[in-house]
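Please find the structures below.
Here chain A shows up in two complexes: once beside chain B, once beside chain C.
For the complex of A and B:
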């Protein structure tokens, strides 16, 4: 097997090509993921040190066009409904461009109201008024509030206690209390605790148990899976490695083997990264593959904050602590 | 895209694909535009409902359209009969069969059950049978297991009957079908904790003995499978069951386990020439309990296990080195 290299230029070309695929049905069928997709693309470009590939003003205009005045949040696409997931993507893009002020104070207040309105009595969050509850939304809510400098004790403390209820004996976290451990939920729970400076609400033994469970995600092929006895998938390179990095145990993963796995998932012809070798690439796996490589200090990639999956130069301005 | 094989698109193939999709794109965009416009005008009638059906048939992942559909149904509810709701449940089932991992569809189905006229117990019981079928198709589907817990809790609330023993038997059946089904083992831990919390295990001693026997059988069936080992570690270290054992019994159980695991490991060595990774990892946990919790004066082999693990499980070498430093 020949030594694989990161196909930097091809990945940039691939990301640049995403908005030119309007002749493909898939482009239209994925509108409900568009704002998330723009965040993934922009962050991938940042990692590749090529952020100028996107036209900043066009992207900001697109984000603002996704504003849903009925909910007071961002939707995935103009005329769609606002949701916490897409609200975070919108804020991440604006923050990355240092353009949060483009929102104006009125929208910032509406955003705060929208986010807070989705917190339930037990501290959990629903994604929108339709009631789906998931630890993903605790993370998105706390990350949004941190970006907007709106974290308060009243929001954070119940959220933290909810997260702790989702911790499982095996060292993982579920999407709800009693739900099976899943690596993406380990990220949302640990990173949410890290945002609000509450990692110490887990005992050192629990933190070690979490790191042990995460290290078990690496399979002989070198990639990481999301749950026991599942296939490896590039996106877990981010969910698992970023979480271990927050716990200062990233080296519990074999870096050369994981690097090789991610590089094998590149499309050598058109760029982009897929979930597993020889599968169809997409921007989601591209950014999380690159993010994983960045945590492993792959040469030529920029550093990224494992808590926010955003540049450190941006996240250093976010609110990390809240006043009592 | 998850699990989609990469295709080589020659110019000719691409041209054909685009030719085929040209009309589909036009139709889809026209329909999508029309439905979003109806939504904007808050049009709620049978026609707008039908339009959402058409759009969701093409794109079942379009969450905004599911939202709009619910708004329409809420407004039309007084004129909708049971046949409509049965049809709505059938519609979501069709979509779930195509996209079993799409959160929005599961969410819509829950909403239907909750808004079904009077939401009677019998539809939830029927749903429990349906989720059983879904878990037969994909025994690890995590939405399915999550959904099952939700259905069970609703059935319990509506019927006033606790389903713990039935659900405990369900996990036994799922594990017996496939010993590697960690989702079932995991659910078993939830149910046992519930049964203990509600004091539903009359003879705890024989329950513990039976469960221990069940685990031992599983270990001998497949010593390579991490599900059993993870469950075993829960059983001896984390579960509330151990509070119902005398320290003598707990201690002798750990000793017996050590002997069994060493036996399984020796078998593996003579068969493959290598130690069994999970045997060593579990022996480490047992030693930890013996030393740190039971304060027993044992001759520790932890260092030896960790040294071996570094060689036979090199992916996790740094973790084992960390654990050696912590000894």
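For the complex of A and C:
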């Protein structure tokens, strides 16, 4: 066990403080990421077994205020444009609070329409009408549809075929076919396949190859990087470890060394976790650092579903397969 | 009314200068002797448009306030506000959508300015801007729409961006896409230049990995000569060899003869473990690392060959 300890109370205080900094310019500079930030904060609090730190009703009201009636999706902040990334965050928050019914059937239908409207002919997804295509958005779309119980063969089969085209010979996945392998893209592709029960579309040899490439992300100092020759970064504790966990190969990572690395990235004074030791903390690295520790069964942290980065008690109600 | 600072900075980023190379630089602190919020420094070969973090904050404050009053602004002012937000808040989906909608209404000579603006954001020294996935996607859209009739400085944009940001994922994926768009006559010239550029960035995995999908057999032979000549002590150039080998498995047997595996070398998840006794001996360490990466490569190629059979 590491000499360092998890600074649970400080992390809770740090996350609680984030919404009280409205006089700071930084708060407004990150306005266009707010709904994602709320999801990261809420999930971090869940992991720390302190979900009540946020006021449930205030958070639900904020999510509902981010509804973008023009697109039929959730935006990052009121009066911003809806996007698949923020739509997933909105749904994740509502599902965590068991409040999906607050959407009503009309909005749920609009959401489905919005998500489906972003699927391209080759099975890929764009994030919104801007047209950026990335495997991140395939995961986001399938995760949203799974939460809404709207997965169908017509959507899933082309999406799976697109994901398989993004698999690279080295065992990684790129943001699109022919793109460089990246550990975060490995998560989005493998977790998307897991959501729709299609992990078996990868051969055992391919799964082994993926696990080898992912395990090579651990550097001798203990942390994980996203690509060869890059520095380690706490967020890959989640992207890599959750993917290996889905493939039942999390133990290919040296847990004590990774634990040590994550714990060294904590801010001992104000709480929160940074990308690397001594850097500035943020809520993104905090949740994914805690998520990594949770997969490694760090004492005192709650379990998390590696496919959805949400509580198992919530994800057990999601649609995991679709009828042919 | 949009305040003058946003206008001044955006104008500077859209301007033509006497030098072909223009770099946008944002520094965290303003030196005490500098009173201006924006400085344009003309060197013989290069022009630098220099701003400070404080400048960026002021632009954000100006534009953020007006973002919620857009309906009261005219078209030029709206575009300025949106451009100011693109400059100060990356991955701002709303600003990107608005910018794209505005572009569709501009005339060709006006689009030129916007191309320069996007190129200078992508090649600036701010990691948030030069690695922004949506800005690279915007550049792709602009090139697709106007690449045949308007001037683009793709080479300068991608090479400066790569130099500003180690292993720039989205930039290098743009390079892969751009290479695929070129016709045969331009393609080899691009590969030749990119091979020369790669040799100057021997540590960068994204550059070498991109090179690997572009090269033919003659270029591949040059990569091998380059690796042998230094010798190369980082993994990145081997990524190009591996990438090429994955598409041309017939070359694997000859590579297995050209280099030999050193089974005495130990690895930690693919990273060579340097023995303590050579840690401070630069010459021995270089030889060790070169052999270690060759060993690692040959193991991966062997695995590829097995998968192929």
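We take it that the second predicted complex is superposed on the first by the 322 of 324 C-alpha atoms of A that agree within 3 Å, B and C clash if a C-alpha of one lies under 4 Å from a C-alpha of the other, contacts with A are read in each partner's own complex, and residues count from 1 in each chain.
Assume a contact is a pair of C-beta atoms (placed from the backbone, for glycine too) under 8 Å apart; a residue touches a chain by one contact, two chains touch by 3 or more.
Fair warning: this is a prediction, and the values are worked out from it, not measured in the lab.
Asks: After aligning the two structures on chain A, examine chain B and chain C and state clash or fit.
Replies: These partners clash in the superposed model.
Asks: Scan A:216 for contacts with chain B and chain C and give back first, second, both or neither.
Replies: Once the two structures are laid over each other on A, A:216 reaches both partners.
Asks: For A:175, is the partner it touches chain B (first), chain C (second), both, or none of the two (neither)?
Replies: A:175 sits against chain B and chain C alike.
Asks: Is A:32 in contact with chain B, with chain C, with both, or with neither (first, second, both, neither)?
Replies: A:32 contacts both chain B and chain C.
Asks: Identify the partner contact of A:9: answer first if only chain B is touched, second if only chain C is, both if each is, neither if none is.
Replies: neither
Asks: Counting residues of chain A in contact, which comes out ahead: chain B or chain C?
Replies: Comparing touch counts on chain A for chain B and chain C gives B.
Asks: Under the stated touch criterion, which partner chain does A:205 make contact with: chain B (first), chain C (second), both, or neither?
Replies: second
Asks: Scan A:228 for contacts with chain B and chain C and give back first, second, both or neither.
Replies: both
Asks: May I ask you to decide whether A:57 touches chain B, chain C, both, or neither, giving the answer as first, second, both or neither?
Replies: A:57 contacts neither chain B nor chain C.
Asks: Kindly list the residues of chain A that each of chain B and chain C touches, one partner per complex.
Replies: 25, 28-29, 31-32, 75-76, 79-81, 83, 128, 130-132, 134, 169-170, 175-176, 178-180, 182, 215-216, 218, 220, 227-230
Asks: Which residues of chain A touch chain B in the complex?
Replies: Residues 23-25, 28-29, 31-32, 75-76, 79-81, 83, 128, 130-132, 134, 168-170, 175-176, 178-182, 211-212, 215-216, 218, 220, 227-230, 233, 249, 251-254, 257, 267, 274-276, 278-282 of chain A touch chain B in their complex.
Asks: Can you name the residues of chain B that touch chain A in the complex?
Replies: Listed in rising order, the residues of chain B that touch chain A are 1-7, 17-18, 21-22, 24-25, 28-29, 32, 36, 39-40, 58-59, 61-64, 67, 70, 103, 107, 111, 140, 142, 145-146, 149, 180, 182-183, 186-187, 189-190, 225-227, 230, 233-234, 238-239, 314-319, 322.
Asks: Tell me, which parts of chain C touch chain A in their complex?
Replies: Its residues touching chain A are 57, 60-61, 64, 68, 88-89, 91-97, 100, 133-134, 137, 141, 166-167, 169, 172-173, 176, 180, 203-206, 209-210, 213, 234-236, 239, 242-243, 246, 268-271, 273, 300, 303-304, 307.
Asks: Please output the residues of chain A touching chain C within their complex, sorted ascending.
Replies: The contact residues of chain A facing chain C are 25, 28-29, 31-33, 75-76, 79-81, 83, 86, 127-132, 134, 169-170, 174-176, 178-180, 182, 205, 209, 215-220, 227-230.
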